[in-house]
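One structure is given here, and the rest of the page talks about it.
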Amino acid sequence: MAARPAPGGRADYRIFREHSTRWMDNDAYGHLNNVVHYALFDATVNGWLIEAGLIGPARARIGLVAETGCRYHSEMAYPDRIAAGLRVAHLGTSSVRYELGLFRNEAELASAEGFFVHVYVDRATRRPAPLPPDLRAALETLR
Amino acid sequence: MAARPAPGGRADYRIFREHSTRWMDNDAYGHLNNVVHYALFDATVNGWLIEAGLIGPARARIGLVAETGCRYHSEMAYPDRIAAGLRVAHLGTSSVRYELGLFRNEAELASAEGFFVHVYVDRATRRPAPLPPDLRAALETLR
Amino acid sequence: MAARPAPGGRADYRIFREHSTRWMDNDAYGHLNNVVHYALFDATVNGWLIEAGLIGPARARIGLVAETGCRYHSEMAYPDRIAAGLRVAHLGTSSVRYELGLFRNEAELASAEGFFVHVYVDRATRRPAPLPPDLRAALETLR
Amino acid sequence: MAARPAPGGRADYRIFREHSTRWMDNDAYGHLNNVVHYALFDATVNGWLIEAGLIGPARARIGLVAETGCRYHSEMAYPDRIAAGLRVAHLGTSSVRYELGLFRNEAELASAEGFFVHVYVDRATRRPAPLPPDLRAALETLR
């Protein structure tokens, strides 16, 4: 493998959301299973969209998850509390790439970092559609 | 505590559904976390309803989960395969009590047994409504 | 079904722990799946035990989950935050029955209530063993 | 975004493992939540390692998850059954990259494809260590 990128810090992210962990998040090794990280990414992105009023049944265009990924730098475990940092790394015509960092308790360096790509489609036709203007404007604030 | 009931056997259940387990189902003790049992109950009951055409957006009455419970007799662990047995223990005017047993691989005795109560309501008003006749007829076959 | 007990209030519980919810906790009905409640019970009980230093590899007796249950009073959904109340309802020679209530955001009445029974066993023999004295003393404070 | 790669087919993978889905795997959109795909990747890789006797407490070197990723081609939903295909794409001195495809029921094209990188470390020191020879030999069969 090529040299691994160093973990990012809190200053690399624009907003944060706090998540609690659950006993069952720990796997047989006693640490957060690699899958749980994605549940926190998913909750962070959708939480921000909900708070901003940018997701819901009244909207004509919806975001489908096209690609996700995560690099694991160090262990986390229940009962850690996790701060998830969020930023927007790329805005395309019909897609957005969110990048996320997971910070264990008071840690300054991320325990894991990943990304989450949404492609927007028309709700009815499911064909790609431009990002709605209000969404694009809000996403610009996360750059 | 009072004396615990002995585990039931496969003959105590009417139909069975097979479930695979997942590595992350194992918790820090290396066995199936107590929560996972309910995910298998939930999948078994809803799976039977889906196969029987008794659940879906076209139906005017929907079942809400009112109560669930589980007694744990013995351990199960990934990569066990689990057979879930299902029977109907009680049919009320607007409710049904399913009982379930989870059998590890080829075991004849249940590793866990529990129940799952649905109360039927009108989709629009969310007030209790009689069990639909086609559902009641199908549930009778699980007694 | 017999008349259902009314939901308990916050004053019915002795301590509280805060939990965040996750987007994937919502099921196809857009509300917290019935299984998730048990993940919160499990995290609440084990979290209290960890904070009190009453669980861990150095301890000769371990608690196995013998029985759990939940009654669902009303819906919760991501992104609700959930306060889990905990009390001890019964202390036997080798077992403890925890009772829990889940409170949605600022609600005073529980959305769901349930219980969680641990039976203590010797770690090596897995045979029932009396509750360790330090655990019993701590559990008395949750009555 | 650049053009997306076309979905792979079953012939692109060396071995397959069957997974059941669960009602709670469906999220508020009524399809498999993006997180669930990783639970199936994780179960597939660890299942193969367990069957091959290449994981367990007696082994001096353990694999830590360093990176994972997934591209989502099309929807899957409970009660689909999912065949997970597995192949080895890269063998380094101390790391292995697995690639996986998830196939819905009888579909020939993957609904999602991803990867899973394990880095092997000494269990005691947690420093990178060469892949054990028996593991390397087994991994060669998945190329």
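Going in written order, the chains are labelled A, B, C and D, and every chain counts its residues from 1.
By our rule, contacts are C-beta pairs under 8 Å (C-beta built on N, C-alpha and C of every residue); 3 or more make two chains touch, one makes a residue touch a chain.
Fair warning: this is a prediction, and the values are worked out from it, not measured in the lab.
Chain centre most remote from that of subunit D: C (centre = mean of CA atoms). One simple way to say how far apart two chains are is to compare their mean CA positions; for subunit A and subunit B this gives 34 Å. Centres computed as Cα averages put subunit A at a distance of 30 Å from subunit C. Each of the following residues of subunit C touches two or more other chains: 23-24, 33, 35, 39, 42.
With chains as nodes and touching pairs as edges, the resulting graph is complete, every pair of chains being joined.
Listing the residues of subunit C that touch subunit D in their complex gives 23-24, 26-28, 30, 33, 35-36. For subunit A in complex with subunit D, the residues that touch the partner chain are 1, 4, 33-35, 38-39, 42, 64-72, 92, 95, 117, 119.
Contact residues on subunit B toward subunit D in their complex (touch as defined above): 18-24, 39-40, 42-43, 46-47, 50-51, 78-79.
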